[in-house]
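What follows is a group of structures, each given as structure tokens.
The same chain A turns up in both complexes below, where it pairs with chain B and then with chain C.
Right after this comes the complex of A and B.
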């Protein structure tokens, strides 16, 4: 599928959903309304970027949700009470992610199993740190997340910043290109004298970094944490990457698309609330939206590959 | 035989020198004492049949493999010498592989980042685009490839052009020796011509090229020296003018053991019956016939077999009464169920016949297993042992038994003797012979000429098509080699 079409679909699906929300609830079309709609999308977008780093090297991370929960618990406790220890813990968890990446490559383990196992580790650590919901957000992150820039609400500014920075990092920089190369043709990269274990560790380390950002932002919005606060992020992040035009294999990812995909998923929740759909049905309906968008994409890619075959 | 080095003016110091290089993969000796040197200005045609050791030699030269014996040395631009993969890169040794080694998700320019480690920092994309565009313009004038195009959107020929251009592109360590492995396999004649012209020009300017191709016409056109490989050795090395196409074919081959061949064919007339299959591409077989598919590896034989197999299998009715069964050569990929027992692996395709009321009858299953264990001699105490406890040869026997225990009249074999020891091979030939005598038809793809010579009829494949059909006494190594390599001059 052509790269230009690839980014078109997430843009269109977000646009259509946004139009539907504005039609149902015209008051959402304001500074305050937009902020409310997209507020919780910021940590989801960061978690989606984390997931994208892993999918970029042909793996999948089933521990994003529990990892973000773990980070949220650390942020609401250690990072608030004794910042130095908090930063050390978060730094160590990023290193742990990088180490996992190297281990998965060196031992040729299936990432899906390792990360599933790690999800229990992160989940357990989160419960140990914060057995019952509570804690408090450090003041600076609370301020950062509730800042009110002129004209455009914080959530939009943050999303644009995340998309632009990760685009530079992954799509434009020499290192990002190499990482995408690992997903595209690992053998070719290895044959050119690069150490795949290091590159994979780098990709996983980046995932850990963005996972940490996601957890910190989440606590900035919610002001307290809970060991189960972000469990649904695992599936949301995978769905976000795919919605954004990424593919599970082949290193075909798009950071801008991933952020758009995360926004779309966050908006889908609000949209369904505006439809007065009972929360019991919301998850199912969210899934239906996802299937719809992916079906459209399949038709797109069938058409373009059909043309490619004829050419 | 000792390779006689081409005489002439005092040669400049060699870029690469291999001395008595040996490479052992387990029990397989891929290189058995290879010595060669390549100097600036030389274009070496490397020729040999399947398994002669060409790819291994190439991978040793470019530093991808560390030989188990002997030494490989490179000469750097400043005159010092180096070794290892890093040395090869610093010396400007580049490889363009037969199987495509580009990243389809990256653009043409981004792909240059993979081999060129110095492309980083500000403006690397611009530099990469300039380098690759320059190389493409120089080698393939009139190409329509933009540096910003995604490789996955390019045609196969365009991808190969990009790959070749990457091999010659400007870099921090300029290309001194470029290894081209079947570079023209997906290029049309006029583009191939541009490449050959470029190779000649590159060598004239002091570069060196190793050129591997099954098109002998191309090799004769560009090579200054031809090295012939067989059984992991360079058995002949002369200036190109010292060879004719016929003498090259003769040098590659060796006389197959005649007695083995006659042993199979002796009762051919009484054994072979009516035609039981024919495909649109021209493959055909008669009842009781052993039909061989030959040619260089990767020229469409495996695809032809799988196309035929798929067209005759896969419906519900065929599950219990199959028309065709398949013996896999790549055991790990499409043969063995690694976690299952020997017995379960053996009976896999017969479960419909072994089941009653949709449950598998374990007594019948055991009987079948014991029967085949005795018939083809699977070496194990207990058929319930895991399949991976067996040696490769015995695993292959289980796969043979799986296929032969069915009632299917046609057996398709995709290079089944890959990595199998000599003793098991002999036993397998015996089984095939016996089964053919009882009226089964075999379609047998093999990369080993000795095996193909056991067949009643042989189709030689080249570039995905049948290039020759050989029967009876025509089946010999010389004819197979001649049909595998393209003899004509490459049409311009």
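Right after this comes the complex of A and C.
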């Protein structure tokens, strides 16, 4: 799949799903309706971008969900009560992420296991900070997340901004090219004089940064937090990256696609509740939608490359 | 004497050795606190709970052996579905224990076939395929469960919680499966083939190994083991719960890696699975007995997993 077709599929799947929603519920085709549909899209999109940074360097992060939950707990407690300490904690957690990236490279550790271990650590910290659901969202983030821009709802404006900025950072900047190079051909990047450990630390640090943004935005929407608030984000973020045309190896990722993938997943959730589907089947239907989109992707890749590439 | 010292000197170099050392240390640290009381009970509980982790871990190990990116994320959902459907089928009737087992294994088989077909026909990476499929299994379990908690037949419940000659029955099942798995991995053509696939898929395919057949049987085998674990766990805990499989996603992967199998595939071992499974339980019970809260316990578990993996990887790197 070349770059142009890579972005086509997430665009089409989002379009088809949106059309289906509008067909079922024409009233959704309004400012208010769109706002409701994409309500939780921003934190999911940010978590997906975080996951993409890790997948970009050929690793996978199984701790995104617990990390975002941890950030949400910090936001609803420390960041609200004593902002300075809150900022320090969040800054330290980004550094921890960067440190993990360096450790994973230097000791050649399997990222899947290290992040698995970290998911216990973040989960434990979250429980310590907020043993029972509660806390309160800082006023400024609450204001930011509920702002009502003219014409287009906040969630969509924010998604476009996230997509544009990360696109510039990853696809257009020298740093982004280098980071994708680590995923594409680590040896070549190392031989041309770059220190891989630093680059990996950079990619993981970026993941931590976007994870922090995701948690902060989430609390802005929910106004309170608990230690399990974002556990499903781990799976959602991986699915979002893949839906967006990203691949697990080779540094082939697409920030715009990832944001679109996240929007599709967020919309799939809203779509199912619009259909008055029994709650029993909501999760299953999300799985089915995921499979369907990936099946369509197969047809695309067959058509464009003339043969089915490796799975 | 010579051979004894020789085997001793090679034992500590085995990849699974450190999992057992750490398990023994955690066991000793717990007994230190209780001044040696309750050692038997702790050991019996450890073997019971480790058995559940070991059985799903063995299935996961075979999949991980196939190479990078191969992992089954649907194990918890398959366990839950198999536990739910088999208990519903038996409805507490002791005469249906064996047919109930067949239902659980059949659910596992079906899930394995579905997982494999997604991977093969739709060319979806296994992580995403098993993840999407697990959502569907979970929905079926929720739909069929309806919040009811059906008790297992008394005889089955007695078996799952009972012991033979002092060894918990569940542990006996787990050890038997481990022995069979060891034989398959180390002594059979199948084991050689899946290791070869994990080491170099292209070379394996060119040398005539039926790669797709190996993938299919491995994914199906792992799902069948998950089904069996769901059946045993539901019987052990007096009914199926919708979240009963949740913790086994992390555990099934963690025991494989702690046990010294290579996460990159191609190089696995069975004894390590039991070592890792025992360690995972003993760490938690050690931290529990030291009176640490849930938060600290989680953090310590995570730190210990990462430390063990970092230590093990260092040895591999110097090789």
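For this structure, a couple of remarks:
Going forward, the second predicted complex is superposed on the first by the 306 of 311 C-alpha atoms of A that agree within 3 Å, B and C clash if a C-alpha of one lies under 4 Å from a C-alpha of the other, contacts with A are read in each partner's own complex, and residues count from 1 in each chain.
As a convention for this text, a contact is a pair of C-beta atoms (placed from the backbone, for glycine too) under 8 Å apart; a residue touches a chain by one contact, two chains touch by 3 or more.
The model shown is predicted, which means the values in this text are computed figures rather than measured ones.
Look at A:291: by the touch rule set out above, it reaches chain C but stays clear of chain B. After overlaying the two complexes on the shared chain, residue contacts for A:177 are found with chain B alone; chain C is out of touch. By the document's definition of touching, neither partner reaches A:11: not chain B, not chain C. In the superposed model, A:157 lies in contact with neither chain B nor chain C.
Contacts of A:250 after superposition: chain B is touched, whereas chain C is not reached.
Which of chain B and chain C touches more residues of chain A: that partner is C. In the superposition on chain A, A:40 makes contact with neither chain B nor chain C. When the shared chain is aligned, chain B comes close enough to touch A:185, but chain C does not. Within the superposed three-chain model, A:275 lies out of touch with both chain B and chain C [touch as defined at top].
In the superposition on chain A, chain A positions 308, 311 are in contact with chain B in one complex as well as with chain C in the other.
Interface residues of chain A facing chain B in the complex, by the touch rule stated above, are 2-3, 172, 174-175, 177-178, 180-181, 183-185, 187-189, 191-194, 250-252, 308, 311.
For chain A in complex with chain C, the touching residues are 60, 62, 103, 107-110, 112-114, 116-128, 131, 235, 238-239, 242, 248-249, 278, 280-288, 290-291, 294-295, 298, 308-311. Chain C contributes residues 69, 71, 73, 118-119, 122-125, 127-129, 131-136, 138-140, 142-143, 250, 253-254, 257, 263-264, 293-303, 305-306, 309-310, 313-314, 316-317 to its touches with chain A in the complex. Residues of chain B touching chain A in their complex: 64, 85-86, 89, 95, 101-106, 110-111, 113-115, 117, 119-121, 124-125, 150, 153, 155.
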